[in-house]
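Here subunit A shows up in two complexes: once beside subunit B, once beside subunit C.
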Partner chain A sequence: MNKLVKLFITSISAITLALVSFTSSFAKVEGDYIVLGSAISLTGKYSSNGVHTQNGYNMAVERINKMGGVEVQGKKYKFEIIYYDDESNPKRAAQLAERLIKQDGVHYMLGPYSSGLTKAIAPVTEKYKIPMVEANGASRSLFTKGYKYLFAVLSPANQYLEVAIDLAVEKNGGKGVRIAQAFEQDAFSQDVRLGILDAAKRTGSEIIIDDKLPKELNDMAATLAKVKATKPDVLVVSGHTKGALTAIRQISEMKVDVPMLAMTHCDAAKLSKQHGKKSEYALCASQWHKNLSYKDKFFGSGKKYDKDFKKEFGYAPPYQSAESSAALLVFKDAFERANSFDRDAVRDALVDTEMQTFYGNIKFGPGGQNVAKPMILFQVRCKGDECENKVVAPTKWASDKFYHPIPKWSERS
Partner chain B sequence: MNKVKQKDLILYSGLIILGLAAPYLFSAFKVQLTYLCVLIVLAMTWNLQGGEMGYNTFGNILFYGLGMYLTASVQVGMFFPLAEWTESGGEKTFVHTTAQYFQGIGVGLLVSAIIPAIIAGAIGYAILGLRGHYFAICTLGLGIAAGEIAGGIEIIGAGQGFTTPPFPAEIVDTEARGKFFYFLSFALLIGTFVFVKYIYGSRFKLILNAIRDNEDKAEAMGIQTMKYKITGWMCSAFFCGLAGGIMGGLIGYIDSTDVAFDGREMGVFMVLMAILGGKGTLWGPVIGATLFHFFKEGLWTLILGWQYVALGVLIVVIVIYFPEGLMGWLREKYPERFGEVIDEKDRKAQVELK
Partner chain C sequence: MDFLIFKAPMLMVQASLDGILLGILFALIAYGMALQWGVMNIINIAQGDLVILGGYIAYTMYLVGIHPAWGVIVSPIIMYFVGVLLYKLVINKVVDRDLFISILATFGIAIVFQQLMNFIFGADVVVAQSEYGTTMLFDNSVTLPNSKIFSAFISVLYAVALVIYMKKSRLGRAIRATAQNARAAKILGVDTEKVYAATFGINAALCGIAGALISITLTLHPYVGLPYTVRSFMIVIVAGLGNLPAVALSGMGLGLFEEFADYILGTEFRIGAVFMLLVFILVYRRFKLSKKREYLK
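== the complex of A and B ==
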């Protein structure tokens, strides 16, 4: 026992020493670098979108650094990001946010991927008064908590598919439609659902199927069987990348005929590439599309961003990457206007943000959400075996006409 | 005997002083230290059930998650309408005053200890008749089912999740929240340890061991095994619920499957930590949880993307080389230090026989 106790005490003191020597942390600005922190989902259920987000951040960091960096008080600084993997888990994300702030000494944060994780991190950044510009947390409930240090470059989740219901009603001669909907059990998708409920109420539409999908989403056959039986006018599905892939896979397998199919995350799921003609006519909500006419001096136009991104990472940028890149442009702009590294000065500068980026106009509302940018809808259209996403709404940017109704599977080649 | 006790006293007071000083010594690591306390509590309570009683459960995560939701619900529900708090996109903002916050969390924690214990009693009555693998599989379902059910209950936020009340803004000190949760979890750790230590000196523990070693014989000796099994599980649930309640407040956001009924992570971790340290021992879970936490915090970020592979390797290594855990391994190597006397003659005789 004696030796055991000694061993125990020795090991405890060793650990103590090790910890003390680790406590010395970085500073927010190290030499020529402004250090930002981010917890990102590199593994787990959001890993594909987590990587899209990280690629977006990295692309912007590289571009801004190459083009002169950030000028504060006459000195040029470069961006650097410390990443941790949050494993798509809110608990881990909150813990890592603490770690970034307390141990790595990060004073400015970039958001994680998904609303749920942003919800977990926001209380932490708020507590330490750390400005966070996030690009992937769209849930409306993020913007009603009175957070003062949270800024989102994207439009709130309830706006995602409201326009789709309006389109359906318009095609129905102004009369209400019958809606079938299925949403993943997570903060983002449930908010999209609330948007649809509002739209249904407004247009006098009726919701005939209202299903919930599990988080580890790979089967929705039960919902689709009901859709086959009840023949709704619109089918709405939202469940991040897996939701989009599962929906298209099973709709084509089960040959479900529905006049209109509205979804989210089509481009992140690379639907038009992965499923080709099977995904044709799917209507998708998006924060961004390369054909929009926004511009900035770092990335040029959306088309140029698309080209550069493809060259760098080998695939077309989904909106998750574009909005993530935009988050850094917002930070750069805020630092330069604040002309200081004081957190509150940067925060105040962020409040006054009003700028155009290749991704869209950015101006923050009182809750921190971006109020200057509308959502867009695109539809997957194919020529032969080549499928592409064509913007169909709003009309200002529409490159193609909205194709309605979707032809029956028996009539599709 | 007296000498050993004195040594214990030094050890315990040393550890308590270290525990009290820790948040000041390692101010930046407060959250990790809080996690450590909670992990140790979870490992110890699991050990009561899985180690001492031999009923391997994956269901303790149920009580942890319940505790989390209960504490948060009570904390909000005592002062504000819960449904409006959890509704997404609601226009109203509710703010707890300092007094409301602490009253709420106090009552909430009380509820989060008692209700899980009662539920453990009820479920235990139903399923503790199952033995071995059947019990393990059955409890595996409990956590998963609870996660899915919680994800459908609107009043606790359903799939949206539940944002727990923020720490009162009137307390300006940014360190206060971290300290509060650390000391809360440290108090829970001490409470749990004292309780488990007390059990270790009681007849109750011997009965649990008897159930583990041979339930039929125990029954034949006149022990009402069912009664003791249920009581044992209720004790686990009591502390698990408290641990969950503290974690909910610390994390600040409860998600049904990823934070509360997180069987895939916490549910597995508590088993792993107890086995790593050595199940069926007092110190095993403490050492196992500590090592595991250091491994996780220290190494995981160095091997981004591979951490789960490393975890898998760790599990394999534990199972192959330390099937009895670290304490079991030490015990085998240095039995005399555990107060076991080896009859040298007998040992030699056995060697010769081989």
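== the complex of A and C ==
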């Protein structure tokens, strides 16, 4: 009797297992739908940028589906995304990636928000040979591990502020400059720092202050006092939104005069809105700006994207949304060129990607990073109390002249 | 190691003033912690999150067009009731249990608070603008944000008011009696249940004031509460319970220590240095105690 029960249980579990694996091997494409999976931060500390990312994905899915979908072997398919909330937690993100792949049978992934979470998920997608197009993990270390299934539509982190150093050197008549820098101790900011070190070496510049900010940073008065005492030509700060807001608050309060101030995450921090005129002249690295002249047939131009996004979600799209939308355009293009749902065929098609989207040109380097799109710099400029981000570099897209040097606080109204 | 600070005397002045002003603010939070630790024997891990919640109250006022400095009056009033409510819901169930249970319970509260604030106010880092300007000393080489001076002033004001209240008022006397011996106080007719609720409410109110001050001097984010908990814990450990001047001194000392550690060791070791100091102090205290015991033998 006991044996019979055991046999019964075993066979039931075997059948269930077989059923699960059977359904999952076909779940990548269900009926007319190509199913993509994504773990995304809908709660926790990255939730606002997580939502920007999700809105970007959703906007593109809707647009592509409305405009005919994806054509593979003569049949039209539509995109569908399964989302899970990773709670801004890398461990949870990796678990959810496993779940998406093993339980939901997802064969194509979209990236999460932030370098840290992408780093947590990439080993999983690599293990199961799942192509992942990600739009929000810029850390250089993602592209040096030899991942074969990871593709990033954005420029790597070390490129964020290199342009700023070049600009400073140019303004200094081609001579090297004295740089003061403060970076948070996280993967992304430290990569931005490496970029600055490279640029400093290349241009013969000298780094006179090199501070590392703690994660729970909310006070950088000591760094700024040192800056005040040593008078560098450029001050570079990167510490996500917290770093940008803290820097501007304390620079304005301590009346720190530097000829040039370069930062990251200004638009995510809504710098010009939260600090108003105090943030004027800050130079910010950005992956995208609506005024760039790139075009595609789905979203038209950056300006059109900006308008449509505002209509749909009620706020202007930060670059996190734009790059997320671009990730789906890349997937669509790859599916059509592969003309198959075979994972490796899709992966090979992704490798050969060379296209223009409203977000910028996309072509993947050997590590999976986008090598076709330069970073841009904008500068916060104010008219009265209204402040705006104006593109100032590279010169090809500059809508405004780069204002240099920053006027002293005693001369600012 | 960077000894720039010893070469430039103005940096020394700047660091000292920054440290002291910040330390006074920490001391206010620590005083609340010392109070309820002493009275209820509870280590409140959610202390920092109460601070941040207080900050968000001031920030909300700022958003609707009221000057955030009024937060130092509105925020403690609201936070007092939040504290009392928290006591009635959770804390009263752990007050007589051992310390470990209270740590777990308040840790849970901290998580709930963080998620709630994230849900209501969003995960963005926010600041409120006081537009108080800057005081410049020594020909502009030392700058002090007026908002920091304001926050130190308000902290001192509230601390003094609280000391007087504790000494003179009926409730204050009841709180002190309960802290000395809860059972005896109960026998003598003190409603300890009420005293506990009020103590927790006062602690939350102090956090509310500190939070409002932080909203105009530093930045707010749903998840930055913990460093404030750690700092106040540290100050209380050094100063001991129920000793306000010691709390104030230890707070300023910690502020100074942090600033100097930042200059000399580098910003990345700022928080690390605080923890190192905590370890040293605990070891030193043990060492002193063991010496005493030997003497008694």
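Rule of thumb we're sticking to: the second predicted complex is superposed on the first by the 385 of 413 C-alpha atoms of A that agree within 3 Å, B and C clash if a C-alpha of one lies under 4 Å from a C-alpha of the other, contacts with A are read in each partner's own complex, and residues count from 1 in each chain.
In this section, a contact is a pair of C-beta atoms (placed from the backbone, for glycine too) under 8 Å apart; a residue touches a chain by one contact, two chains touch by 3 or more.
If you're wondering where the values come from, they're calculated on a predicted model, not measured in any experiment.
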| item | value |
| --- | --- |
| Subunit B versus subunit C, judged by how many residues of subunit A each one touches | B |
| Touching partner for A:His275 - first (subunit B), second (subunit C), both, neither | second |
| Contacts of A:Ala229 with subunit B and subunit C, given as first, second, both or neither | second |
| Touched partner set for A:Thr43, first subunit B, second subunit C, both or neither | both |
| Touched partner set for A:Ser399, first subunit B, second subunit C, both or neither | neither |
| First (subunit B), second (subunit C), both or neither touched by A:Glu98 | first |
| First, second, both or neither for A:Asp191, with subunit B first and subunit C second | first |
| First, second, both or neither for A:Ser293, with subunit B first and subunit C second | neither |
| Subunit B versus subunit C as contact partner of A:Lys212, first or second or both or neither | both |
| On subunit A, the residue positions that both subunit B and subunit C contact, one per complex | 43, 88, 185, 212, 214 |
| List of subunit B residues in touch with subunit A within their complex | 4, 7, 11, 14-15, 18, 25-32, 35, 88-91, 93, 148, 151-152, 158-161, 163, 166-167, 174, 177, 247, 251-253, 255-259, 262, 265, 294, 300-301, 304-305, 307-308, 330, 334, 337-339 |
| Touching residues (chain side subunit A, partner subunit B) in the complex | 1-5, 8-9, 12, 15-16, 19-20, 23, 25, 42-43, 83-85, 87-91, 94-95, 98-99, 102-103, 116, 119-120, 123-124, 126-129, 139-141, 144-146, 158, 183-187, 189-191, 194, 212, 214-215 |
| Subunit C to subunit A touching residues, read off their complex | 4, 8, 10-11, 14-15, 18, 22, 115, 118-119, 122-127, 129, 134, 136, 140-141, 143, 145, 147, 218-219, 221-224, 226-227, 259, 262-263, 266-268, 270-271 |
| Complex contacts: residues of subunit A adjacent to subunit C | 43-49, 88, 182, 185, 211-214, 216-223, 225-226, 228-230, 241-242, 245-246, 249-250, 253-255, 269-270, 274-276 |
